[in-house]
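Residue numbering begins at 1 within each chain, and the chains themselves are lettered A, B, C, D and E in the order written.
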Amino acid sequence: MARVGVFVCFCGANIADFVDVPAVTEEAKKIKEVKYAIEYKYMCSDPGQQMIRDAIVQHRLTSVVVAACSPRMHEKTFRKALSDAGMNPYLLEVANIREHSSWVHQKDKKAATEKASDLIRMAVAKSIANEQLHEISVPVTKRALVIGGGIAGIQAALDIADARIPVVLVEKSPSIGGRMAQLDETFPTLDCSQCILTPKMVDVASHPFIELLPYSEVMELDGYVGNYKAKIKRKASYVNFDTCTGCGACWQKCPVKVPNEFNMGIDKRKAIYSPFPQAVPNKPVIDAEHCTMLLKGKCGICAKVCEKGSIDYTMQDEIVEREIGAVVVATGYDLWDPSPYEEYGVGRYKDIITSLEFERMVSANGPTGGVPVRPSDGKVPKRVVFIKCVGSRDEAKGIEYCSKICCMYTAKHAILLHHKVHDSHAYIFYMDIRAAGKGYEEFVKRAQVETGATYLRGRVSKIYKKGENLMVRGEDAQLGQVVEVEADLVVLATAIYPYKDNPDLARLLGISYDKYGYLSEAHPKLRPVETAKAGIYLAGCTQAPKDIPDTVAQASAAAAKVCGLFAGDTLKKDPMISTVNTEFCTGCQNCVTVCPYQAIVTEEIPLGHGSKEMRIVAKVNEGVCQGCGSCVAICRSMAIDLAGFTDMQIINEIVSI
Amino acid sequence: MEAEIKEKIVSMEKPHMEAPPDWQPVIMGILCNWCSYAGSDLTGTSRIQYPPNIRIIRVPCSSRVDPWFIIKSLQTIADGVLISGCHPGDCHYISGNYYARRRFLVTKKLLNFVGFHENRVQFSWVSAAEGAKFAKVVTKVTEDIRKLGPLHLYKKENS
Amino acid sequence: MIALGQQIENKFLEAVNKKSGSNILECYQCGKCVSTCPVSSFMDFPPREIMQMVKLGLKEETYMANSMWFCLTCAACSSRCPREIDIPRVMEAIRHLAIEENVDPDNPKVKAIRKFHEIFLDMIKRYGRNYELRMMAEFNIRTRNLFKDMHLAPKALLKGKIPLGHEKVQRAKAIQRMFKMAEKLEKIK
Amino acid sequence: MTKLTYFPGCSAHGTSEEFDSTLKLVMKTLGVEMEELPDWNCCGATSAHVMTENLALALPLRNLVLAERLPNKTMGIACASCYSRMKTTKVEMDSHPELAKKINSTIVEEGEYKGVVDVKSMLQFFYEDIGPEAIAEKVVYPLKGLKVACYYGCLLTRPKSVTQFDSPEYPISMDRIMEALGAKPTAFDFKTECCGASFSISDTEIVLSLSGTILEMARESGAHAIVVACPLCQSNLDMRQPDIDKKAGTKYNIPVLYITQLMALAFGYPLKDLKPAKHIIPIEPALAHIGEEIETPEEKKKPRKVVEAESEVE
Amino acid sequence: MDYTKQIQDIAGRLFSEGKIDIFIGYRNTGFDENQVPVLIHQYKDVDQLLFTDKSVFNLANYLKYEHTRNKRVGLIVKGCDSRALNLMLTESQVKRENLYIIGIACEGVVNETGEKAQNCVECMMPDAVVYDELLGSATGKREYQVNADIRELDEKTLTDRVEYFEEIFENCIRCNACRHSCPLCYCAKCCIDQETATLFHGANTTSSAFHALMTWSLHLAGRCVDCRNCEKACPIHLPLHLLHKLNEKVIYENFQENLAGMTEGDRGAFYKYSLSDPDDFIL
C-alpha cells in the first residue's frame, strides 16, 4: 500500500495569497493513499527540506509530493532532500501550484484552491506509480573535434589542446586561416591581420595535442555526448604531404590558371596551389576540377619538376574515423551576393566591388600589391564611394539583420584608402554608425577626422555610368538634399551571410539552424555557445555575425565548455529513458524508425523460455536515449515505456480527478 | 448572426443535455516539458491570468502523447483536451512534434467523425517564450468548451 | 519649433496606415525614396519627411504639403524601399484623406494639379473617354492661362498628333451611373 | 491563330495613332488576331486614383468586365498607364473579393467580374506570348547598325507586385526584342526613370526637367534613337524635345520611336507605314544608320577582374 | 474470376517439389455457397482448393499464428491481402524467404447479396503488389475514391453522427473477433488487454467498446488495407470499416501518402513526417 506524503508550500505570500493553503492540505489528507500532509512557509528552505526528510523517516513514506513552484524550478532541490533521507529521489512528484495556479488565477481564490487540490491529487496519483530510478553514467572519450580552421576554430582548438585534451581540427580548404587571413589590417587598432594570426596558425600545426586535417570534411557524426564517432573525408590532394617540402616548384611551373578564391577572383592561381604564402600547412594541393592531368591525362609537369616525387595522381579520397567526445562548430561566413541590387548596376559595372575584394586589394600580400585599383582600367581611384548596409537591414532585397561589422570595417577601409592613396577621398553612405565596442567609436572618429572621410546619411538609390566614372546618387538626410558623387570606384559593404553548407552540416550533426542558416544556440542569452544537442558547441560567425574579438571570445568559451564536459571520467545522465518490455515486443521496429537519436537497436532473444528459435526485439541504448518518448507513443503493443513518464503514471494523473 | 452560430454549436453533439447551473468545464492540458510547459511557467511568472479550468500534465515531448491519453481524458473527467508542444522546427528532440502533428490531425478528425465536436480536442504550439500566447490559447479553449457544454459521450460508467 | 507630445493616440497615423495598407512605423528614414523620387526636388517635403510627419501625427502640416500632389505614382521608391512600404499608396492615402476632409491648401501649383484632375474626371464622366485637345484647352481656360502650350497646338495639329474629333463611349449612361455610385460608396464609409 | 482582346486607350485613338496603326501591322505579320474591346472607356489614368478611391477601380473594372464577354483569354493594352491601372485593379479585385463585390456594385448592369481574363502590356505580350525567337523569324529587313536606347518608363515593370514582369530596375525584354530585330540596344541606365507624363499638362516644368535627363542619358549611351512602348512616354519625349532644348540650350535631336514602328520596319513594311510625319523630331536621320557597321565595342578588351570560372591554359 | 485450376496445380507442384510445408487457401464450407480458409499440409488435399469471387477472406491473417511461424508457407493473396502481407514483411512479422506467394490480379469479390463488394468497387490497387507468381492480368493503380459511407456520414450533422455511432459502440460485445481476424493485429498481448487500459473499464460496456475500437482503429491508421476481414468476422455486423476508412481518407488527403502497404518498406503515415504537413488546425 502506497504511503504518500504531501508537502504544501506557501511560498511566502506567492501561493498563500491566492490559494487557501490550509484547505488544500486538508483536502490532500482526504486522499486514501496520503498518510501525511503538512503546509509550510518555504518548503525549499532548509527547515522545509528538513520537514520532508523527517516525515519520510517517521511516516515510512513510499513517495513524496511537494506542492510548490514549477518542477522546472526546484525539482532538483527536493530530489536531493529525498536522497538525503535515504529515499530514491525519483519517488518525488511536484505539483505546480504556483505558476499553474496562484499566479495565474489571482482573481478567483476559490477556483485557484480547487485547482491546486486537483493538481495535488494528480501528483499523488502519479507518484503512486513512480519507480525507483538510478542515474546513468556514461563513459567519455576525451577528444574534441573542431570543424573549421578560421580564427574561431584555431582559437578553440588551441585552448582545448592547451588543457592537454587531444583535438582534431578539420578544415575544408588546403590551409587554415579562414576569412581573417584575407584581411589586411584589423579594427580598431589596425594591427596587421597576418601578423597576429600566423603565429597562432603555426602553433596549431606544431601543437602536440592537435591533429590538423586540412582539405577535409566531416561526413558523418554518430553517437551521443561523450561518445561520438566522426567520419571525416580527407579529400585527395594528389600531393604526399609527408615528403613535400613546400618548395613551390610545382605551382610555379603549372600551366593551368584558375581564378584565385583567396583573392576573391581578382587574380589567378595555378591548378596546383597553396592558397597563400603563409598557409598552414604550407603544402600545395591539386585542384582536381581544373588540373588537365587529372581531367584529360595530359600535362604532368608538376610531377616532372617535383624533386621529391611527392605528386601522386592516383591518390583517392580517404575516409578516416575518429572517436570523440565533443564537437566545436566554427564554419564561419560567406559574403551575401549583392546582385539583387539592380539599381546599383551590380554585375554590369566592373568598378563596383565588394568590401572583401577591396580588402584583398589593399592587403600588402594581395593581388595588386596593396594599392586599390579600378578593375575596369587598372587606374588608382581617387574618389571612392563606400555604401554600407548593402543587403543588411533590407527586407526587400536582402536580409533583415544588421551584419554588425560593416560600420567598423568601412571606417577602416576609409583609413586604409587614405594610407594607400594619399590624395584620395572616401565618401561613405551610411544609415547609422554602429560603433559599440572598446575603442570603436574612437576609431570611427579617426576615420572622420584624420582622414576626412565624408559621411553621408542615406541609402544610395542609384548608380549609373557617366563616361568613365560612376555617378552615385543618394540623399544626404542631414542636408535634406539629394546628392550625387562622381566616383572612380564603389565599394559595397555587403552583408555577412552564414556559410552556405551550414544547413547540410547541421542536419549531419543533428542540430538546428535558423532561416538564414546560422546554427542555433541553446539559449540566446544564457547558453550562447551550446547547441540543443549535448556535446556540440558553436564558435564564431557560424552562430551570428561577429567581429574578431567576439569570435575569439566565443571560441574560448566553447573551449571552456569542452574542458568542463571532459572534467570527470564519466558523464551523469538522467535515468528518464525508454525501456523495452521484451515480453510484449513484437519486433516490428517502428520505434527504430521514429527514434530521432538512433537510440533503439534490435537484438535476438529466444522465442520462449529455453526455446532454440529466436525472435527479434527492440533494445534501447541507455547512453543515447534522450527520453523524448516518441517510441512509447507509437508502440502499439505498449512494450516500450518511458521511465518517469510511464503510461501508468500519466493515466493515473488523467483519471485521478 | 453570432447568436445563430452560438446556438448551432451548442445544439451539436447532444442537444437535449443541459449544463447544470454551476457547471465548470474541465480541460486536460498535456504540455511538452521544453516549450509549452516552460511557456505556461512563464505565463505564471508574468502573472498573466487565464481561466482556472485547465489541469496540466507534463510530458517530455508532444510525441510522448499517445492518442489514447486523449480518449481516456475525454472518457473520464475532461470536457476537452488541449495538447501543446514546441513549434515545428523547435522540438527539443528534433522531430518529435512532427510525428505528433500527424497523429493529432488523424485523432482529431476521427473523434470528430464519431461525434465529438472538433473544439473538444485542440492543439497548439506554444514556445517557452510565449507566456502570453499560452494564456490566450487556454482562454480560447476554455471558452470554446464552455460553449459546448458538458461532455456526455462514452463516459466511463463507474466514474 | 513643432511642439510634440500631445498626441498619445496617433489617429492620423492609424488612418494613413489603414488606407494605404502599409505600416509607416516601419520606415527607418534611410532616404532611399528621396533620392529615387524624380520629383522630390519639387516637393516641400520629400517622401522621407512626409513619413516622419505622419509618424509624429502632424496632420495639418502634412495636408498643407504639396508632396502628395506631386507624386507621379511611378513606384520607383516602393520598388527600392528596403522596408517594402508602398509609398505611392501612402501618398494616395494622404491625398484622399485631405480630399475627404476638404483641405485645400493655398498653393497655386497644387490648385492647378487639382484643377487638371477635376477637368479630366469631368471629361470622362461626360464622354467616357479623354481627348487631349479639349483637355488642354479647358485646363488653360479654367486656370486662366490661355496661351500656355499654345505654341505646341498648331504644330501638333499639323502633324496629326492630335486629332480633331472626340470619341465617346456609347453607353455613356453606364459611366455616369458608375460615377454616381462610386461617389455614394465614398460617402458610406 | 492567337487571339487577343485589344484595349487601345484614349491615346492610341488620339496622339499616338502611329502606335495603333503599326501595332496592327505587326500583329498581322505575327499572326495575331486583335479584337478591339467594344465600347471601352477611359481607365481613369492619371486622375481617377489621384482624386478618388472607388472610381479609380471602377473605371478599369468596367473594361475588365466587358473583356470577359469576349472569348479571348488575354487583353493586350497599348498604353502603359492604362495597363498599370487595369492590372492594379485586376490584382486588387483578385486578392480582395469583398472589395471586388463593392466596386462591382457600381457597374452592375455591365455584368459580374469573374477574373478570367489576363491583362498584359503589348511589350509583355510580345516578350512572353510571342517571344524574341519568333519575332526574329519574321524579320526580313534587319535593323543592323541602328543603336537604340530602350526606354520602358515607370509603369510597364513597376510595381513588381502588380506587373509580375521583368525587372523594375534594369528590364531587358525590350532589349531582347530589339536584338531580335537586329538593332543594338545601348547600355542605358535610365530605362525606368519617370518622364513625368502625368504632369504633361498641369506642370510642364517638371516634365521638361525629367525628360531632359532621360534624353541626356540616352545620348550619353550612344543611341541613335529612343524606343518606347507607351504613348505618353513617346509624346513627352518627342513633343517636348524642342522645349527642353530651348530651356537647357541643348540640341538632342533624338527621335522617339515606338517598338512597333521598328518591328514593322524590320518586318518589311515601307517607311511611310511608320507615319514619319507624325514625329516632331524627324526619324529618318536615325534610320539612316541602318546598315552601318558598328565599331568593335570596348567590352571585348580583356577585363582585369576574372569572373568566369573557366580555366585557361597558357 | 476463377483460378481454381491454376491454384490446385501450383499448390500440387509446390508440395511435390517439397517447397512448402503448408498451403493456405480456400475451400467450400460444405453446407452453403460460401468459402472458408483452409490450411493444407499435404499433396493429397490440394483438390479441396478453389478460388472464385467468393474467396473473400484475407489469408495473410493466418501467418500471424503459431502453427505457421517459421514454416514454409504458400498462400493466395488478392490486392488488398498482398498489401497487408507487405506490411507484415516490413514489420518483420514474416520472412519473405519462407513464403511462396500466389498473387491475384483481383477483379473484385462479392458480398453476401452477391453484388461486388464495396471495398472492391472502391479499391485503389486490385493487383497483388508482392507475389512469386501472378494470376490474371494486372490492371494497375486506380483513382482514389472516398468511401461512399464516409461521404454520406460526413454530410450528416454532428448530432446525427453521435446517434449513429453511439448505437455501434453500444452494440459491440467486445468479443475481439475483429482483432483476431486482422492480419496486422499480431501483438502478443494487445494493448487494450493490458493493465493500464483495463483498469478503469468494465469488460463489456459502451465506454470500453469505445476505447477499444478507437485505439484499435488508430493503431491501424495508415496500415489498414481495407480487406474487411474484421467486418466479416464481427458477429453483430458492425460497420467497422468506417473508422479505418475515415483515417485512410484523412491521411491520404492531408499527407499525400500512398495507401497502406503499397510499397515495400513503407511503414505507414504515423512512422514518418513531412515538414509541409498541415499545420493550420493547430493554434
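Convention: contacts are C-beta pairs under 8 Å (C-beta built on N, C-alpha and C of every residue); 3 or more make two chains touch, one makes a residue touch a chain.
The model shown is predicted, which means the values in this text are computed figures rather than measured ones.
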{"item": "Chain labels contacting subunit B and also subunit D", "value": "A"}
{"item": "Any chain that touches subunit D and subunit A", "value": "C"}
{"item": "Comparison of A-B and A-E (more C-beta pairs in contact)", "value": "A-B"}
{"item": "Chain whose Cα centroid lies at the greatest distance from that of subunit B", "value": "D"}
{"item": "Centroid comparison with subunit E (C-alpha atoms), farthest chain", "value": "C"}
{"item": "Chain nearest the global centroid, as defined over all protein CA atoms shown", "value": "A"}
{"item": "Centre-to-centre distance between subunit B and subunit A (centres being mean Cα positions), rounded to whole Å", "value": "35"}
{"item": "For subunit D paired with subunit E, centre-to-centre distance based on mean C-alpha positions, whole Å", "value": "66"}
{"item": "Mean-CA-position distance for subunit C and subunit A (Å)", "value": "52"}
{"item": "Centre-of-Cα separation between subunit D and subunit C, whole angstrom", "value": "23"}
{"item": "Contacts with two or more other chains, residues of subunit A listed in rising order", "value": "343, 462, 594, 634, 647, 651, 655"}
{"item": "Multi-partner residues of subunit B (each touching 2 or more other chains)", "value": "72, 76, 89, 95, 99, 103"}
{"item": "Residues of subunit E engaged with two or more neighbouring chains", "value": "200, 270-271"}
{"item": "Every chain pair in contact, whichever chains are involved", "value": "A-B, A-C, A-D, A-E, B-E, C-D"}
{"item": "Residues on subunit B engaged by subunit E in the complex (per definition of touch)", "value": "11-15, 67-68, 71-72, 75-76, 88-89, 95, 98-99, 101-115, 117, 122-125, 137, 140-141, 153-158"}
{"item": "Partner subunit C, residues of subunit D touching it in the complex", "value": "10-11, 13-15, 17, 39-42, 44, 46-55, 58-59, 62, 102-103, 105-107, 109-110, 154-155, 158-160, 168-169, 192-194, 196, 198-199, 201-206, 210, 235, 239, 243, 275, 277-280"}
{"item": "Residues of subunit A touching subunit B in the complex", "value": "70-73, 96, 98-101, 103-108, 111-112, 114-115, 118-119, 122, 510, 512, 532, 576, 594, 596-597, 626-630, 632-634, 642, 645, 647, 650-651, 653-655, 657"}
{"item": "Residues of subunit E touching subunit A in the complex", "value": "70, 91-93, 186-191, 194-196, 199-200, 219, 267, 270-272"}
{"item": "Contact footprint of subunit A on subunit B as seen in their complex", "value": "24, 26, 28, 33, 37-38, 40-41, 43-45, 47-52, 55-61, 63-66, 69, 72-73, 76-78, 89-90, 92-96, 99-100, 103, 135"}
